[in-house]
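A short worksheet on the structure shown next.
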Amino acid sequence: MPSFSSLLYLLIFLPLAGVLINTAGIRVFREKITSIIACAAVGSALLFTLCLLPEFLSLPQSERTFSVILYQWFAEGALEVNIGLLLDSLSLVMVLVVLFVGFLIHIYSIKYMAGDAGFNRFFIYLNLFIVFMLILVLADNLILTFVGWEGVGLCSYLLIGFWHEKKSAADAGRKAFVVNRIGDAGFILGILLIIITFNTVNYAELTEIMNAGHGVSIFIIGAACLLLLIGAMGKSAQFPLHVWLPDAMEGPTPVSALIHAATMVNAGVYLLCRISPLLSQAQFILPVIVAVGLVTALYAAISALGQKDIKRVLAYSTVSQIGFMFAAVGSGYYMAGIFHLAAHGIFKGLLFLGAGAVIHALHGEQDINKMGGLSGRLPAVAKTFLIGLMALAGIFPLSGFFSKDAVLWGVFDSYGISLWLVGFATALLTALYCGKLYGLAFSGQSNFTEKPHLIAAAMKYPLIVLAFCAAVAGVLGLPLLTKETIFASFLAPSFTGVENIHAAVSASAHMQELILMIIAGIAVIFVIWRTAIAYSRNREAVLAYEHNYPRAAEFLLQGLKMDKLYDVILVAPFYRLTKRCSLFIDQKIIDGAVNGTGKISMVAGHFVSSLQSGYTRYYACSFICGVLIFSVIVIWLFKG
Amino acid sequence: MIEQAVFWILSIIMVVSALGVIMMKSAINSVICLLLTMLSLAGVYVLQGSYIVALFQIIVYVGAIVVLFLFVVMLLNIKNIRREVAVDYRNFIISSLAVLTVAGVVCILWYALRLSMPEAGGDIVPAAAGVKEMALELLNRHLLALELVSVLLLAGAVGALLIGRKE
Amino acid sequence: MGIYHFLGLAFILFAIGAVGFFVRNNIIVLLLSVELMLNAVNLVFVSFSRYLHGLEGQIFVFLIMAVAAAEVAVGLAIVVSIFRMFKTLDISKMNLLKR
Amino acid sequence: MNEMQLIDINIVSVGPEIILLAAGILFLFFKLFPAKLSRYLSVPAMIILFCLFIFLPFFRDNNVAGFAGAIKWDNTSLLFYILLLFAALLAIMFSHGKLKDNERAGEFYFLLYVAQAGMILMVTARDLLIVFLSMEILSVSLYVLVGMFRAGKAQMEAMVKYFLLGSFSSAVFLMGLALIYGASGATHFDSLYPATISSLHMLALFYIGVVMVLAGLGFKIAAVPFHMWAPDAYEGADESVAAFLAAAPKIAAFAVIYRLGMIMNLYTVETLTAVIVVMSAGSMVLGNLAALKQTMLIRMLAYSGIAQVGYMLIGILVLPQSGAAALLFYLFVYVFMNMGAFGIAVFLSREKGGNVAIDDLAGLAKGRPLVAFAMAVFMISLAGIPPTGGFFAKFYIFKSGIEAGYLGVVIIAVIATVVSLYYYFRVIMAMYMQEKEEGARWGSAGFDFLPAVLFLCAFALLACGLIAPHLLSSLMPGEAH
């Protein structure tokens, strides 16, 4: 039997072939040919991974690693960097998510992008993105990961600004660019620090060094982790580097689904898992990660409540969910983080595709206040969307329930009840905006007078497949009450020697978990149900109320009888808070800081180039000043 | 004693005429001042005993370069360029800054010189170097430099032709 | 008369030339200033040559004179063509290129 | 005097220069032939340059010396020599289109060859006087090249500015040379070693001399604060000349700085390295900041070149260690990426005429995908992003900088690199994300000489990224000082 693992490079080369063929035929191919080639490229890679899976599983747990060194890139002293691929259970999960969601989104895009002038270009970028994402995930060292990291970033800018005739799209591309540079600076410095300290960038070797006695101060390791964390925060849109993600929704919807929800933005979590041996040595970094994750999760959930644009709601929700993953990583529960990542990839992909279908059907309308009653008109979309929302909110049998619960349990186990409460509040908020979204957009009366487009089959089936997966993926989280779930035991080889930070959980802890889980589950169901009802039945009132918020008298008069309390206590402050969050913090402080950095360097640039006055005299003056300064330096140093 | 007197006279002439080069309003006067500077410099060379250098100073600088300048100034017949000493305040600031900087550079140079040669500095004995020694030196050890100068002159000539020619 | 005298004189000459480069606008005078600076360098070379009892410094002076001649040839050609095109020799009027 | 020993001239040591000068003079006479013939002048010009590669095996590992040690070929100078040949070849290829029907083609090639000869002398010279003279040869021919195609006032202005500042800087360089001569009694590199000088108690004067010499060389490489001529001269000159101007003289001047550095680093650490540190940091900061504001492609590239020089100077700081190989590798990559980017400017100005703004690149990806791809590779490489040679160039430089303990400079460099991504990516975004306005069209998509050359450059850069270590180990200078 031929060993698939020796053909590991095919995983990257198949999509790359798609890129090359389509590039060669960019002007010649018709849409059909391009789309078939692109989908085949990704599909064959997916198929190949599935072929790989049995071989992978047939190995004993401790040996479940395929690694191939394709080429020795450079060696400098003890430092050796290879173009090498590493497929262990962690990267296998990532590859599966990337290829599976990616493949469905490719199929979906065929119809979504049909007739667009840049159709061929779009598919080239999409395939290219898959290539870089696979490089990122499969790389066996930090530098190669960085190659993929930059590559996916590049594709992301290209795709955000895909419809560049829109000015907002170009601005969004630029914003994403600037913010990500901050993260990249951290990443580069982190890699440099690791090279200086350990003289290797290979993950396996790093793990070995960590497990053996190395005598390196934990503060240096901590500094390296912190720098890499900054990189991860930039790519994964964590507070306060999250500002680019909501704006990134200017791109075509399949892009939002693929890059800005399911795959690329999760790279930060993946990176943190990859450096878990380092993190386990520098434990004082973990609380930082948890803090970042929970702050992001809470903050983004609040912001999501106040959004009107359906894609922005989902974008903030993505930020929030990635915050959960960070919290899991920061609690030492890497497997829970990855589980949530996989589940989130599926249901958020589903949600974005559903939103795309809605937007497509409504001729480009994105404001949820103007939607309504879509469940009657787009039944398939509505049903799948509901499943996605329920998974997101964490309703019992769906995947989101298991993954979110695992994360919350991890936080509780490591940091106690207070942080758990923060997570729990976020979960409730999630349910709240899920309910609002469904209530406003899908149930109730229709506001939309035009006849919606019908949804093509190529768009519908990916939704159904994803919805099915979102519904049943929770099985992997079984059995419920132990740490050794199916998923976790699959992942365990990647984290040997890492997760035993926390001692085995006792039976009483299981009881605690069960109780917490039940509380959370019931609360979430209650909230989502009430909100959905509230928004669908009293839609006008809610909307008018939100609209007229500052006028308190009107507010009381028009207040909802049934949900008055809820309104007064929750909605009003929340509405204000959400508005503040998204308006004030985002636009004033963070945008201000981001733009400010840009502006300062621009002003500095302006100043510097205004020295270039065009007068020869000035130029010579600069020259002679240089001579003077250098002479003074030299004589001064010479005199000692 | 007499040498000292000659040195001081020559250097005063030189400095004054050098100042004249950069302060005369009309270009032609500047060129004449440069001529004076060159001549007094040749005198200083004689004082040092470098007769051959002094000779070439007169032949090359006075005989060729200054004449070339005069020729161009007269060719262009520039009348309307008067009073171009800087008046614009920005120019004035930058100019005074530059003058200060130049003064600073010279001070540093002087300081370095004092550091390097703390003793008063050996007297310069006028000891004539013969033409023969110099020629042998030039054509033997510095042959390459000499050839390079010829290449430089060729490039300069071609360049001058190329630029100076009318369209 | 020590080497200080000659070197001091040379430095003053160099400074005058450099200052001329900054205070004047006429391109011809700028060229003259550069000539002054080159002459100052020549004086330094000759003085050091005498101080060190070597010949090299004096030989360098010949070479520098030739270099100056070549530079002046190109420079004056540039002056002539500039005058043809701009109808002026004022360097401060030439600042199309900036920023 | 009778037993005067004649020096060993060893004419072979200046073989390339003699060939270049002879060929250049022949080119001057091409006017005598019918005009049709001069159209194909670029072919012999390139062939002659190719022929110069035959000196490589001849000089390799031989340490050929001539003119009483004033000229010496070792393996390092051979590497600089190769770089210069590449730069000149590219310049000729870029100027091919412009010179096709130009009656001054002969003079152009003459001046280019003379400049090339001057630069080859600079990289092989072991005597500061020879360095000065060859630098003058180079400068005089460059002054003329900048203003040769007298298209308008801008070009004349560029020439006169370049000329005036150039002569000013040579005067300062010469003053430094005089001081070094006074302090050490010699100008040959071998006699500039510590023992000779410290015994004379002349170190202060010597240092100032070195600073002034460095200022003159800094002018040639356009390092802050001696950089200000560069953007103006590049913008005024024809694009192909600007490409040459932005790469070749830098290589030659770096060769001289390299030799000086090899000597200086051996006995003094703080004094002169402080100067290099300031120059390097200043170039990186000022170059990158000023490039942010530029709208014209050439000016942007000029400032980016200033910034690149700042990175290369880090290599000078750590010369005796790994810096030498890192610097050479950086220069090697720089020739291709920087000249390639200028080549794009040549291409665009040919299509569009006149000066090229960054916005003029809009829609290039659609019109000429291969050219746009090449430009994207150049930009990515200049920005120092992984799969290209530019990444490794920066990587090795930074690494050797850190190893030698210049952490502060490297941190500035990393931050400056991050800033620089903004303007490099703006070019890529313009090409891939902006539409060209209606009416404007790109030229024919058939085979074209210039795009093919550009594509080869891009390919070379990508290849550099893959075989970087092997290249680096072969660049390791063999001789030890």
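The letters A, B, C and D name the chains in turn, as written, and every chain counts its residues from 1.
Operating definition for what follows: contacts are C-beta pairs under 8 Å (C-beta built on N, C-alpha and C of every residue); 3 or more make two chains touch, one makes a residue touch a chain.
Source: prediction; values computed, not measured.
Of the two chain pairs examined here, B-C and C-D, the one linked by more C-beta pairs in contact is B-C. Note on chain placement: the centre of chain B and the centre of chain C lie 6 Å apart, centres being C-alpha means.
Work out the mean CA point of chain C and of chain D, and you get 26 Å between them.
Work out the mean CA point of chain A and of chain C, and you get 65 Å between them. Between chain A and chain B the centroid-to-centroid distance comes to 71 Å (mean Cα coordinates, whole Å). In chain A, the residues that touch at least two other chains are 609, 612, 614-618, 620-621, 624-625, 627, 631, 635, 638.
Touching of two or more other chains is recorded for residues 91, 94-95, 98, 102, 105, 108-109, 111-113, 115, 117, 133, 142, 145, 149, 152, 155-156, 159, 163 of chain B.
Touching two or more other chains at once are residues 14, 17-18, 21-22, 30-31, 47, 51, 56, 63, 67, 70-71, 74, 78, 81, 91-92, 94-99 of chain C. The touch graph of these protein chains is complete, with an edge between every pair of chains. Across the interface of their complex, chain A is touched by residues 91, 94-95, 97-98, 101-102, 104-105, 108-109, 111-112, 115 of chain B. By the touch rule above, chain D contacts chain A in their complex via residues 160-161, 164-165, 168-169, 172, 203-204, 207-208, 210-212, 214-215, 218-219, 224-229, 231-232, 270-272, 274-275, 278, 286, 289-294, 303, 369, 385-387, 392, 396, 398-399, 402, 411, 414-415, 418-419, 421-422, 425, 429, 432-435, 466, 468-469, 472. Chain B makes touch with chain C in their complex at residues 3-4, 7, 11, 14-15, 18-19, 21-22, 27, 30-31, 34, 37-38, 41, 44-45, 47-50, 52-53, 56-57, 60-61, 64-65, 68-69, 72-73, 75-76, 78, 80-81, 84-86, 88, 91, 94-95, 98-99, 102-103, 105-106, 109-110, 113, 117, 120-125, 127, 129, 133-134, 137-138, 142, 145-146, 149, 152-153, 155-157, 159-161, 163-164, 166.
The touching residues of chain D, counted against chain C in their complex, run 129, 132-133, 136, 140, 143-144, 147, 150, 153-154, 156-161, 163-164, 167-168, 170-172, 174-175, 177-179, 181-182, 185-187, 231-232, 235-236, 293-294, 299.
Residues 1, 4, 6-7, 9, 14, 21, 28, 66-68, 70-71, 104, 107, 110-111, 114, 117-118, 121, 129-130, 133-134, 136-137, 140-141, 143-144, 147-148, 150, 159, 179, 183, 200-208 of chain D are the ones touching chain B in the complex.
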